[in-house]
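Just below sit the structures, each encoded as structure tokens.
Next come two complexes built around chain A: one with chain B, the other with chain C.
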Partner chain A sequence: MSTQTTSLPPAELSGQPVPRRGRIGPRWFPVLMIIPSFVLIVVVTGFPLLYSVYVSLTPYNLLRPDTLAIDLANPFGNYITLVNDPVFRDALLNTIIFLAVTVNLEYVLALGLSQLLARVTVGQSILRTLLMIPMMFAPILVGFQFRWFFNAQAGLVNNILLSIGLIQEPIAWLVDEPLGMISIMTATIWMNLPVTTIILLAGTLSLPHEVFEAADVDGASGWQKFVRITFPMLAPFTFIALTIRSLDVARAFDIVRIMTDGGPAHRTELIWTYVTRLAIESNQFGLGSAMALITVFISLAFTVYFFRQLVKARIVQ
Partner chain B sequence: MTTSPVTPYRRLNITLTNLLAWVVLIALALPAVWIVLTAFRPAAEINASPPVIIPRELTLDAFETMFGLNPDVRQRVPVESYLANSLFVAATSTVVSLIAGTLAGYAFARFRFRFHTAAFLAIMFSRSIPGVALSLPLFLLFVRLGLVNNVVGLAFVYVAINIPFTVWLMDGFFRQIPYDLTEAAYIDGCSYWQAFWRVNLPLAVPGLTTAGIFAFLASWNEFQIANVVTRSVSARTFPPGLFSFTEQFTFDWRGMCAMSVLMMIPAIVFVILTQRNLVRGLTFGAVKG
Partner chain C sequence: MRKLLIVFSVIMLAAFSFGGLVTAQDDAPQYAGLDADLSGVTIRMATIGGGQYEAMYDSISVFEEATGATVEIVALLDGFAIDQKLKTDFAVGAVDYDVSWNHTSFMAQYVGFVEPLNQYFTDEELAVFSPAIIEAATIDGNLQLIPRHADVAALHYRTDLYEDADIQAAYMEATGEALVVPTSLAQVDRQARFFVENGHSTFGYGMAGTEEALTGRFYELLFSSGGALFDENFEPTFNNEIGVEVATLLRNWYVDGIIAPDTTALLWDGDAQNFCNGDVAVKLEWYGWYSYFQDPESCPAVAGNFSLTRGFNGFDNAGARPTGWAGAHAFSIPVAAQNKDAAAELIRFLTSERVAYEEALLGFLPVRDDVWARLIDEASASDVPLDQVRLEVARTQISDDFRTPPLIAEWIEFSNIFYPIMQGIMLGDLEPQAGLDQAAAATRERLAAAGYYD
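After this line comes the complex of A and B, so read on.
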């Protein structure tokens, strides 16, 4: 994402050439170029989101159209209901744990893998193609795939473990606690690992050689070079990867929906699956919208945080 | 990476690095390979215990069943309809978001104006709104507008969802084109639009391809919103169609794998096409602003 100043014009100010032809001046041209995008986004995301704020203040139930009105005596009723709802609190906690574990673990694994790939001498291009394979899977397919692998009866994981005699009884991966959560995290990490690795690999390969040569002259060990040079210099790439990742933290919904759908008994309930359960399955759109707005807040907080880190990392460079 | 002398210790180190990399990446790719292999396996091998790793024969049975060529199976998934809907939605939304996003990306890359950063951030952050959150108000609004079960409505939503990433990528690609060219165009008498259309856009074609592929795949794979606003078989796209398949019938694992393979085809083609540009597209601007 590029937002800070580069060597680009405010045309007239710097005495750079400006077009002599054309009726649209430098003031209006960029505005006209941006308008289509802006209008589309306002219509499809801005307006619905505002509408969602309104709905979240009503006790709206899809089957009772008369409930789509703000209850002036208790406009924040849905939010109060949510705060007092133990399932919601568990789902929120699950979501926070889920994000903390997957994002961190994913990053550490990707960092290790990228360092490995930067040093590989045999079959580099084949390895990179292998790395991209998980990217070909839509989240819904990732969910299906791991639902199958972790299936207690027909799943590959149990099948292998039973065959080689590591276990005697099938393990209920998607049912037992905390195995359900671990299965979902495994699927999520598998899906997101390639992009993060590729970005960190590109970053590693773009680091200037001179720095490493100087470190060699000073007799630095491989580990020292990694901790003192590679890791800090990768900061912009780290935050690019994390910003991209933060844009779709909610895509985990697809995986969970097909693997466990939050069950059994809310054990793997994440805030996104709970929204669907309340709104789409129980028609409680008021309550569902209130919670949906909380998910928006979480996603935005993530994105803003990583984006600011990205800007900071670039300024240091 | 470095120029240190090759000692026996270092040679061992290199061998181990290669070995580890191969083991890790094969393990990473294995689940995907298993899905693809299963789609082409004979039915008897599916739940064999111990698992049959390498299929003894390859067959297209699962695909024949999927497309209704197997007379023994009556109830089946309307894959053709899902495919047609997905293709329509992904193609139209890609074209429109590419047009809008490229225009905006150019403006952000080449002009300074009031609210430049604010507008850019507003567009970017709109992308982080989860589909789950968006699907509820969109469903309510679509009910009023009569757009539920309408592929055009869905395509419209995807356009807006794809714009932010397109703007980001195109902004970066335009910044890589030397400004001298634009300047020269101005001196030669081009208007702002001509400088964009005749000089910058042709040079940004690789970027356009990358952005288009990302947009296409995002639409092709989208599940949350599609699942809420398309309820009828005639309007369903592939991801919700695949999902309803898992809910309706007793699980046909091989059939699911065959559907997965079908759904992966565009991604496979695109990943092969863009291997190189992909990395560049995602990371430029990381070091230079």
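After this line comes the complex of A and C, so read on.
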């Protein structure tokens, strides 16, 4: 009696991948596919991150290569130094204030601008293109441009204010508190407003017309439609915009570096200008790495929060 | 007879022309470092770039043609970027070049990573360079670099103010002394205040007030007043009474509007622009801005209306001396270089009289005596008397007043601790004594961590 007549159909006929001797079976095939990406992520992201963690536990100074070793008696020395460093604490606080004000103000302006643009029926593409112009400048160029705008002696802002009689003496915009921070925020918002606006505009244009038509039938006012329909339905786009911009603003560097470099007297010091001063200029790579890691974890927390809000908003919709 | 006369004239003319040609050739500045046969050798160089710095490198083709060597410039970065590259390469052992940029303000960081150059250059060769620079660049008997060009701050002042008879009379009436170019910090203070209080100038004095520029200017006023940043054991001493006197002066200048309200945001360019605009009466300024200030299109307010002289003495204390914070760009040979002898030949060429002279024509201050003599001689024919005065004053300053920052590897690190605190003092956030004490404590902590007091 042939066993062939009672056995299952051959694998070739069942359409299943054929497990052959020396070949990888279907169970391991996905793993095999993931391995290149996994290795790439480990090499590109994981290794530098782990190395940064290692460096942050050492008193590494670039000029003294022998300091690249963990001090076992005090492995968290850099973190303790930072906790006790008033400049670091101020820089952290400045960064949080800068982040909160810039992102929120930028969002409010972008929301208004996107609603106006959504109602434009003629020349919307031209307006959108014009809106994108600030994004086309390199941040370093924007920094130079606004540093000149806010220059106390020859700056555009003081010249305008003096000529219309609003001020009698030039204002040291980049020096006085809180004008230095406001100047940097202005430059940052000017440059990045288009990003948020475009995201919100795309969201607004994608909203279903039926809902608004139903609201019109019910006699809802424009403001009611905005508050009850547009704003809630834009929530996913809002959280995407806020996530992107928060991460971006949290690592603000170029514009600040050019306009004030964190000064004067640390008045506009943000985390990354301080990291640069310590790690790059002052050669304290260990301390700089510790500070950078703290910042990365704070940014990570922000991202997780916004993504959770995004998921919630999508579930509600 | 007539033919004979013509032939004689032609012969005489040819002889004079040839003689003149020979004399001209002998008198011309000469290259050096072209004698070695370096066929097949590739010399790699990491150096400073940008703007006028790169003009010198055009002459490298002469070196390549004469020696048979090939020169590759592997890095051409601005000062802070090239410093960062060198430090990183030295730290991780990634040096793949034979000639590296160096600077008197940065050289202490590279000690141990660059070759002592005494063994590559004879005393006779070194004798043509400014002794003050060679001395400043020698650490523990090892010459760290061969200087390329230098810069030092001279006292710039507006002649339209200082030579105005009405202003002179008013100053005499107000202070009881003649309005002369200041030779002391107390005089600078009195004159700067007079110019502002009487509306002759928007600001009496001008200075950059951030980063190393502020640290350096404080250091300059400190040492010219007989003070010092550190003692011989590297203990901070800038918070003594002289330091407080200088810090208080800077604070008062800021509070009283003697210097610009955004001084603490000004770096070199912004500071120079205020003088260019005619807003500043007197200030210490680098020679490198000279041609800019003299250009009527760039600076119509001061072109032809200013002069310069040697720096003033600081406050009247023991050891007071003229200001003269100075620096020199230079070349070195990394210890890890592959072709050290060939690298020395290239440096010999790049710092030769001819190359140095050609670079000096661009406005840089030379560091060789023979180039100084030639430039001053040529400037004597200029229609602008200040052209010659400038060079003579600069030569004096380079030879007599040249003062580098303290030779510690942590100079920039110290500066990054110091200048924000000094800004805080100027802006009124900190009292002078308290601020300097805070800076001294933080500096001591850093130097202790670096092993200075072990």
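FYI, the second predicted complex is superposed on the first by the 268 of 317 C-alpha atoms of A that agree within 3 Å, B and C clash if a C-alpha of one lies under 4 Å from a C-alpha of the other, contacts with A are read in each partner's own complex, and residues count from 1 in each chain.
Everything below uses one rule, namely that a contact is a pair of C-beta atoms (placed from the backbone, for glycine too) under 8 Å apart; a residue touches a chain by one contact, two chains touch by 3 or more.
None of these values were measured; they are calculated from a predicted model.
In the superposition on chain A, A:175 makes contact with chain C only, while chain B stays out of contact range. By the document's definition of touching, neither partner reaches A:92: not chain B, not chain C.
For chain A, the partner touching the most residues, choosing from chain B and chain C, is B. By the touch criterion defined above, A:63 lies against chain C but remains apart from chain B after alignment on the C-alpha atoms of chain A.
Of the two partner chains, chain C is the only one that A:260 touches; chain B does not reach it. In the superposed model, A:280 lies in contact with both chain B and chain C. By the touch criterion defined above, A:154 lies against chain B and chain C together after alignment on the C-alpha atoms of chain A.
Shared contact residues of chain A, touching chain B in one structure and chain C in the other: 154, 280. Within the complex formed with chain A, the residues of chain C that make contact are 80, 84, 87-88, 91-92, 109, 202, 209-211, 260-262, 264-265, 270, 273-274, 277, 279, 409-410, 412-413, 416, 420-421, 423-424, 426-427, 429, 449-450. For chain A in complex with chain C, the touching residues are 59, 61-65, 87, 151-154, 169-175, 260-266, 277-278, 280-284.
Remark: chain B residues 1-4, 14, 17-18, 20-22, 24-26, 28-29, 31-35, 46-47, 49-51, 99-101, 103-104, 106-113, 116-117, 119-141, 156-157, 159-161, 163-164, 167-168, 171-172, 175, 179, 183, 186-187, 189-196, 220-221, 223-224, 228, 239, 242-243, 246, 251, 253, 256, 260, 263-264, 267-268, 271, 275, 278-280, 282-283, 285-289 touch chain A in the complex.
By the touch rule above, chain A contacts chain B in their complex via residues 1-10, 16-22, 24, 26-27, 29-31, 33-34, 36-38, 40-41, 43-49, 51-52, 55, 113, 116-123, 127-141, 144-149, 154, 156, 159-160, 162-164, 190, 193-195, 198-199, 201-203, 206, 209, 212-213, 216, 236-237, 240, 244, 246-251, 253-254, 257-258, 272, 275-276, 279-280, 285, 288-289, 292-293, 295-296, 299-300, 302-304, 307, 314, 317.
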